[in-house]
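What follows is a pair of complexes built around chain A, which joins chain B in one and chain C in the other.
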Partner chain A sequence: MHFGPHLLLAALEGLVTSAVLALTALGLSLVFGVMRVVNVAHGEFFMLGAVLAWAITTAIGGHPALGFLAALVISPLIVGGIALVAERLVLRRLDYNPEATIVATIGMLYIIQQLALTFYGPEARPVEPPFTYRILLPWFGYSGYKLSVIATSALLLVATWLVLTRTRIGLVMRATQYDSETAQAFGIPVDRVYGGVFALGAVLAAIAAVLIVPISQAHYLMGQDPLLLSFIVVIIGGLGSLRGTIVAALLIGMSDGIISMFFSPTLAKIIATLLVAMVLVFRPQGLFGTAAR
Partner chain B sequence: MSEASPVKAYALHAGVIAFLFVLSFVLPAYYHGLLARILVLAVFAMGYNMLFGYVGLLSLGHAMFFSVGLYGAGLAVIHLGWSVPLAFLGGIACGAALAVVIGLLALRTTGVAFMIVTMMFAQVFYLVILYFASWTGGDQGMVVPQPARVLTFGATSLDLTDPTVRYMTALVLFSVVLLITLAIVRSRYGRVLVAIRENEERTRMLGYNTFSNKLAAIVVSGAICAASGAAYALLFGYVGSSFASVQYSILPLLWVLLGGAATTLGPLIGTLFMYYVTDVTSAYTSAYLLIVGIALIALVLFFPKGILGSLRQRWLGWLP
Partner chain C sequence: MTGMNAGVPEAEALVISGLDCFYGEVQILHGLDLVLHEGEVLCLFGRNGAGKTTTLKAIMGLVPARVGSIRLGGKELTGLPAHEVPKAGVAYVPQGRRLFAEMTVAENIEIGLMARRKGKAVRENVLDLFPLLRQRLRQRSGTLSGGEQQMLAMARALCLEPQVLLLDEPTEGLMPSMIAKIRETVVTLRDMGVSTILVEQRVDAVLSIADRVSFIENGRNRETVDVEELRADPSAVRRYVGVG
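Our next item is the complex of A and B:
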């Protein structure tokens, strides 16, 4: 293959990564933005989504599309429910203290990971894509499913944005993010908003995982990379900024796809992590965010 | 931290060290080896406590200080053929140097950003170890050859692979670090650190340079953790990338939280207790991480002061 088509392929792969990453990071960003909680267990909600998707498709059987659609609905709901319970039982009792919640979510990370290892096992298991149509380009054929992942993610991102900016629920969430005490004084049930936001963050991660699992396989350690990448995206995009998150996801996803096609993936990760740490040190509001209040 | 009883505090610490010394002759072989390992790791926890307990800086990247000591000492022996004392000091020097660099960068941030930045630097360090696998052995790790692990003083030589020598060396390191922490905590400098933890703005207003005090604390903490890592490499003869992974940044946090942050003996109690729990439960389940996870959540929820912290609050106000 010549350089041009090679680059196109890398860019397409990068777009798939970006799309899924944007959804995952959006979840992390919402939780941090509204609740000021750094959810270290976010990657495990992602993993849980994928593992449940495997369990659901296996249980249903029949045509792959049927099982996949069921997984796409049921798996995020279960993960959201688990997140809600965790939030009520642990985070709320810690009064959302930033340091205590970070320790507690590390604890959740270990618990979820270990339970997945115990009940799901150490194997990586595939989920069949709902359809296997290949789009023939002049230079190579490309999986139609991957393109549909990009489209679905874009749709969900737009939907989330509409909910946040155009509906009452979004208004309540933004009010809580802006000033939770004043929001409380105006009769907004801040406590319930927090619970909902934490569950929503986990739901977004789970949806992203269900979308990616026909491409990458479900494994109990698969939450680690998305967690790190989501951190990177949220930091570059500015903590708690929605638009920044999406731009940064595109940037990171594309460069990850392109860099790791030409360089060693470990080196790519080293450079990316170091750069992001430097961004956090020298420009804590992110590259696109505004200065913190 | 009352002034009344420095004698009591020193007596307690001397008693603990004497008790550990006597234990060496009483314990069966399995626990003897385990306790030597715990003593070295308790030094790691003490280094962590220096920063987390006394200055209130929660780092999620201390695995890099432990493993820079581990690799600094281990690789110096393997590749450069350094002697044990030189390699040990080399490991500590690496830790202190890394701590200066990390401190200068990470201290520009506060709160949650500090935790994430330290975690990311540690991740970079971990990946660098994997990337230079031809020297570090990558995720397989490397064995420090047994003939190299000998301490020579003139005519006498001590074989660090011998269980008793190993235990005593670990105990010496532990005691020295314990007494250093105790001295620091009781000194003027230690009080400034606590003042920074309680109210940084006010401490600055009183005329203290909080940045340089915090930087010094990171360097001391990094050097202690590196000493623990270097000792681990030389005593147990293995260096591996798993010691640089996130898990080894979380474990000292867990040990310190469990034993009691900002208590000199808390790190030992926490490490000991956690190892004991793991050892007992390993008979029933291999789900080690599950216990770590539950312990972390239970601690922050119900027991935020840890074992010694709670004891100090209720009955033993003089505990340093």
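Our next item is the complex of A and C:
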């Protein structure tokens, strides 16, 4: 294959990575932005989404599209519910103290991971894609499902942006993010907003996982990479900045796709981590973040 | 205690009695008592750290009351979660304005309206009070001038159509023409029947717009006097603040 088509293939793979990463990182970014909670268990919500997707598609059977669509709806809802319970039982009781919540979410990470190992097992299991249509390009065929992942993710990102900027729910979330004390003085139940945002963050991670699981299989340790990459994206993009998160996800996803294909995946990780270090040194608030007030 | 109580009894908008408040282990308010009459401007006067801002935060439920009561009309506020207090009819203009700086003027006003589900009519009334804001609706509030920000902070609070308005140093850091405008607004609001607690450091401001003045010292209300008394004999000001 010539260089041009090869680059196109790498770029497409990078776009798929970016799309899923943007959704996952957006969840992490919202939780940190609004609640100031560093959710180390974020990757486990991702893993849960994938594992539940496998369980749901297996239980339903029939045409793969049927099971997949059910998983795409039910799995994020269950994960969101679990996150809400965890938030009420743990984070709220810690009064959202920044240090305590880091330790608590590390604990949540291990609990969720070990529960998955106990009940789901150590195997990596595939989920059938809802359709297997291949788009034939002049140089190679490409999975139509992967392209649909990119489209679905883009749609969800636009929807999230609309909710944040155009609705009252978004207004309430942004007010809580900027100044939770003043938000309370204007009747905003900050406590309930926190519960909702934490659940929403987990839902976004779970959706991303359901989308990726027909490509990469469900496994109880699969949450680690998305967690690391989400942190990288959120740091580069700027905490709490939707635009920054998307730009950084594209940057990291594309460079990961292209560098992995032409050089090695390890080099891609090295470069991403180096980028984080550079951003932290020269622009600690991130590319699109605003400096602390 | 006050000269006013001897006369005709006035309706009480807000009554604080025996209030103790803490920041962590440090006690800020020691059995503070305060009465706000309906339709008056009551000024809290005192040194930095005396507990004026804490009193306002305690009313808003942002600092919990450990002992004592805060009653709005017949309603006890101390047991309410902080976000229920504004819904009961208390609006707060915090020190330093605390706008949602990255949001537009319109969005800040919208948040004010949402607190008590007020609609277009209230929005129009508030904008009529601060016509300048009407031209800036789509501007990011953090980019407004200091005086405009103060107007927006007051507009946002007035969107609640509150019975009681809490103003924490509204003229701090403003230029004289703006200070005059803010004071005018406070007087207009009193004429409209809003009961206001005003925290203020400037003696001239107190004398020109307050009806009564409470001297706060070490977390206690030492004395509440009519402003006429104070105009006749400003020695109390010197006693509590050391400036004249």
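In the analysis below, the second predicted complex is superposed on the first by the 289 of 293 C-alpha atoms of A that agree within 3 Å, B and C clash if a C-alpha of one lies under 4 Å from a C-alpha of the other, contacts with A are read in each partner's own complex, and residues count from 1 in each chain.
FYI, a contact is a pair of C-beta atoms (placed from the backbone, for glycine too) under 8 Å apart; a residue touches a chain by one contact, two chains touch by 3 or more.
Nothing here was measured: the structure is a model prediction, and the numbers come from that model.
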Exercise for the section: Would you check which partner chain A:Thr58 touches, where first means chain B only, second means chain C only, and both and neither mean what they say? Expected result: neither
Practice task
In the overlay, answer first, second, both or neither for which of chain B and chain C A:Leu171 touches.
Solution key: second
Practice task
Using the superposition described at the top, determine whether chain B or chain C touches more residues of chain A.
Solution key: B
Practice task
Using the touch definition from the top, say if A:Ile270 reaches chain B (first), chain C (second), both or neither.
Solution key: first
Practice task
Please work out whether A:Asp179 is in contact with chain B alone, chain C alone, both, or neither, and reply first, second, both or neither.
Solution key: second
Problem - Partner chain(s) touched by A:Pro98 [first = chain B, second = chain C, both, neither] - result: first
Exercise for the section: Could you say whether A:Thr132 touches chain B, chain C, both of them, or neither, answering first, second, both or neither? Expected result: neither
Problem - First (chain B), second (chain C), both or neither touched by A:Ile188 - result: second
Fill in the blank from the handout: chain A residues touching chain C in their complex are 168, 171-172, 174-175, 178-179, 181-191, 290, 293
Exercise for the section: Sort out for me which residues of chain B touch chain A in the complex. Expected result: 58, 60, 105-106, 108-109, 111-113, 115-117, 120-121, 123-124, 127-128, 130-131, 250, 253, 257, 287-290, 292-297, 299-301, 304
Fill in the blank from the handout: The answer for chain C against chain A in the complex is residues 60-62, 81-87, 92, 94, 98, 100-103, 107, 110-112, 114-116, 156, 160
Completion exercise
Per the touch rule above, chain A residues touching chain B in the complex are 36, 38, 90, 93-94, 98-100, 102-104, 106-115, 117-118, 228, 231, 235, 264, 266-267, 269-270, 273-274, 276-278, 280-282, 284
